[in-house]
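Take a look at the structures below.
You will see chain A twice below: alongside chain B first, and alongside chain C after that.
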Partner chain A sequence: MQKVFEKPVSIDEKPFSYCAGCTHGIIHRLVAESIDELGIREKVIGVAPVGCSVFAYEFFNFDMCSAAHGRAPAVATGIKRARPENIVFTYQGDGDLAAIGTAEIVHAAARAEKITTIFVNNAIYGMTGGQMAPTTLVGQKTDTTPYGRKVENQGYPIKVAEMLSTLEGANYIERVTVISPAHVNKAKAAIKKAFQYQIEGKGFNLIEVLSTCPSCWGMSPIKAIEWLKANMIPHYPLGVYKDGAKTE
Partner chain B sequence: MGEKVLMKGNEAIGEAAVSAGCRHFFGYPITPQSELPAYLAKKMPLVGGVFLQAESEISAINMVYGAACAGVRVMTSSSSPGVSLKQEGISYLAGAELPVLVCNVQRAGPGLGTIQPSQADYFQAVKGGGHGDYRLITLSPSSVQEIIDLIRLGFDLADKYKTPAMFLADGMLGQLMEPVDLGEYKSEIKEKPWALSGCEGRAKNTVTSIWINPEEMERHNIHLQEKYAEIKKNEQRWENFHFDDEAEFLVVAHGSMARIAKSAVIKAREEGIKASLIRPITLWPFPENAFSSLKSLKKILVVEMNMGQMVEDVRLVVNGRIPVEFFGRAGGMFPTVEQTLGKIRGLIK
Partner chain C sequence: MAKIEVNADRCKGCLLCAEFCPKKIIKQSDVLNSKGYYPAMQTEPEKCVGCAACAKMCPDVAITVYR
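Now for the complex of A and B:
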């Protein structure tokens, strides 16, 4: 029998521990497929964050370390500066990247670090049980905004792709999502390109992936996808925000 | 003996690091250690190394974490308030068992404090600083020559035991200029098969400090404690000064303070007081073996540039056998030779 579909080599044997309907699994797969297709698995060094993907180093099948909360871009900088010939990436959530680690990501981008960041934005802290994230939408209910996020109290969500694309050091910034096969294909192309740029010695590269969190949003996986489409995409428009190769 | 050169303490740290094979430095500006990053910013590009000024102390220590993951010799430096900010990263380095050298050219605290020299970060360095059960190999130099020697030793011990080391100097040593002999030094840089280098031709490597299963987390803690016990057994270092079978009074002081205390001991001996001195060089492991026999001692005086920190370790090791007294000054003030001598005289009563 002909095998038509299989696990990427860059995915390890350990079963994912993500909740049902969570899109981390899809995003892991896209990262792994991109790395396999580019033939760089044996050169890759990944940096796992603190958050739901804290155990990413168990799911990926290549060298990885885990970083303190929000510090992945600094850790990746240390690795890349020590081993410029390797391909270094961070995999971070919204709390990790856009709250406690805001300084690290902004300055990694400003320095044009030759790294790739996969930024998973699901508008909530999943690992700790559903608190307000820096990307939680106005009006969105969470554990710590039980009456909904209010502008007068918690201010506005941060648009990471837009913010980082203002920096001269940013090479490639795109926002994608994975809520349909067409979106998944687009996300895959973007992630692969973000690694390709690093292979060419270009950085900083970041792909923001709008992701669902059915468990903490309190929705079925299908309802969560509908909610993302109706609420997140209007606030976080998909598309390319910076492509250094085109504008240079 | 090689040719002697005149060097400033902070620059000596940089020169010694480069001679020890360190080619990666990440730091953030703070007084009174600024000459060190300035020196390495000039030097590193000339030796094919990396100097990077980070956006914060926190980023700097995490860049150090990344470079250590990648298997290179790496250093950061700061002064007291900055080292407080690095504590999170230091705890992760200890948990992940990464060999690095962290320099603290201490100034007075707490809070923003002042930029004058101090030894007030003793507790932070030797008792933990960050969260969790861990220890840092902590080295205290007393001269610019010893800065050179202990920086090299710090890298070697960190690699040997796969653990972070702290180089604990103070602002006076950082600014001090003395002749040093750089000598011939060959660092034995060990292979690091655990490092992250890309998994070509081998299974993947992982560096982490998380063990979510409590049994595994306890096992890791026990493993760390066994390593610390080994360090305690092998690496205690100190200097004896007139500490013999006839000494009746013992002064314990480290770093800059030991230089002043030595002068006081010399003067006391001129007055016929049988005074002596122990200068701990490793603050952790504390040189307990130095106190194994108290011989003819009647009293001990601990002198520090703080309000009483190392004195607790001296009291622990002396364990009530003889009285242990303390004299210290804080806030960037030094106990003088005369004041220390006065305290030694006071021991006789």
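Now for the complex of A and C:
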């Protein structure tokens, strides 16, 4: 018998600190596998966010740095411009990217920065204990919307992939999820493509990954996957939103 | 012939592997790991086809697949 599936080299030995069943770990693995397969582990510099994945630099086996809350795209811009030979990516959650970091991500995309962003959307603030996020669905119960998010009070959730795909500077924007082996395969292909584009000198590239938060949603890992499928995918449709930046 | 190996110390017993195993041959162990979780374990290894569906769904990269 031969090994046909094992932990990628780009994932470190340290066990993940995520809750049981949280799909952050699957997304970490897809990033690591893509980097291994493209043979860029020695060239990659990742930027960790603030949020549950704040310790991402402990779990990836390549160079990483941390940014202030929401500022990962600004830090990544600096790294990429100073060291264009490196492959630079940010790994951010929805509380980081779509709330405090909205300005940074919008302008990084508008400037067509040659970076890759992995955006993990679980419709809630996970690390701080389950408060409403900008991506929380209408009607969704959280710690700060105990009766469900109401449009008259909190407005509407932000659709990041759709919003960024309107910018001319965006090169590749796709929304995927990781709720079944088939979805995982598609997500892997998208993440790998987002890195491949950067290797070719193209940007800005963003993959939005719909992810579960069993702890803060108050569900078992399997119920959380069912909830994501029934509630998040209708509001956040999967698919390619942009492929190819405007060229003059 | 195929089999899986679960790294019991990485596993948190979320059982996404068991849910997506097409042969339904992954169960929860009744022995605690060092972190206090009941990890996943394979039963009836002769039925395993090595499809790696479990490993693809594992959020803790705890599964190695042999085929």
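We take it that the second predicted complex is superposed on the first by the 243 of 248 C-alpha atoms of A that agree within 3 Å, B and C clash if a C-alpha of one lies under 4 Å from a C-alpha of the other, contacts with A are read in each partner's own complex, and residues count from 1 in each chain.
Assume a contact is a pair of C-beta atoms (placed from the backbone, for glycine too) under 8 Å apart; a residue touches a chain by one contact, two chains touch by 3 or more.
Please read all numbers here as calculations on a predicted model, not as lab measurements.
Contacts of A:176 after superposition on the shared chain: neither chain B nor chain C is touched. When the two complexes are overlaid on their common chain A, residue A:184 makes contact with chain C while staying clear of chain B.
Contacts of A:15 after superposition: chain C is touched, whereas chain B is not reached. In the superposition on chain A, contact of A:4 is made with chain C only, not with chain B. Contacts of A:97 after superposition: neither chain B nor chain C is touched. Applying the stated contact rule after C-alpha superposition, one finds that A:120 touches neither chain B nor chain C.
In the superposed pair of complexes, A:24 makes contact with chain C only, with no contact to chain B. Counting contacts by the rule stated earlier, no residue of chain A appears in both its interface with chain B and its interface with chain C. Chain A contributes residues 12, 41-45, 47-48, 54-55, 57-58, 60-68, 71, 74-83, 86, 103-104, 106-107 to its touches with chain B in the complex. Chain contact summary for the complex, chain A toward chain C: residues 1-8, 11, 15-16, 18-26, 28-29, 180-181, 184-185, 214, 221-222, 225.
Interface residues of chain B, counted against chain A in their complex, comprise 24, 26, 50, 52, 54-56, 58-60, 62-72, 74, 88-89, 92, 96, 196-201, 204-210, 212. Chain C meets chain A in the complex at residues 1-3, 9-10, 12-16, 19-20, 35, 37, 50, 52-53, 55-61, 63-67.
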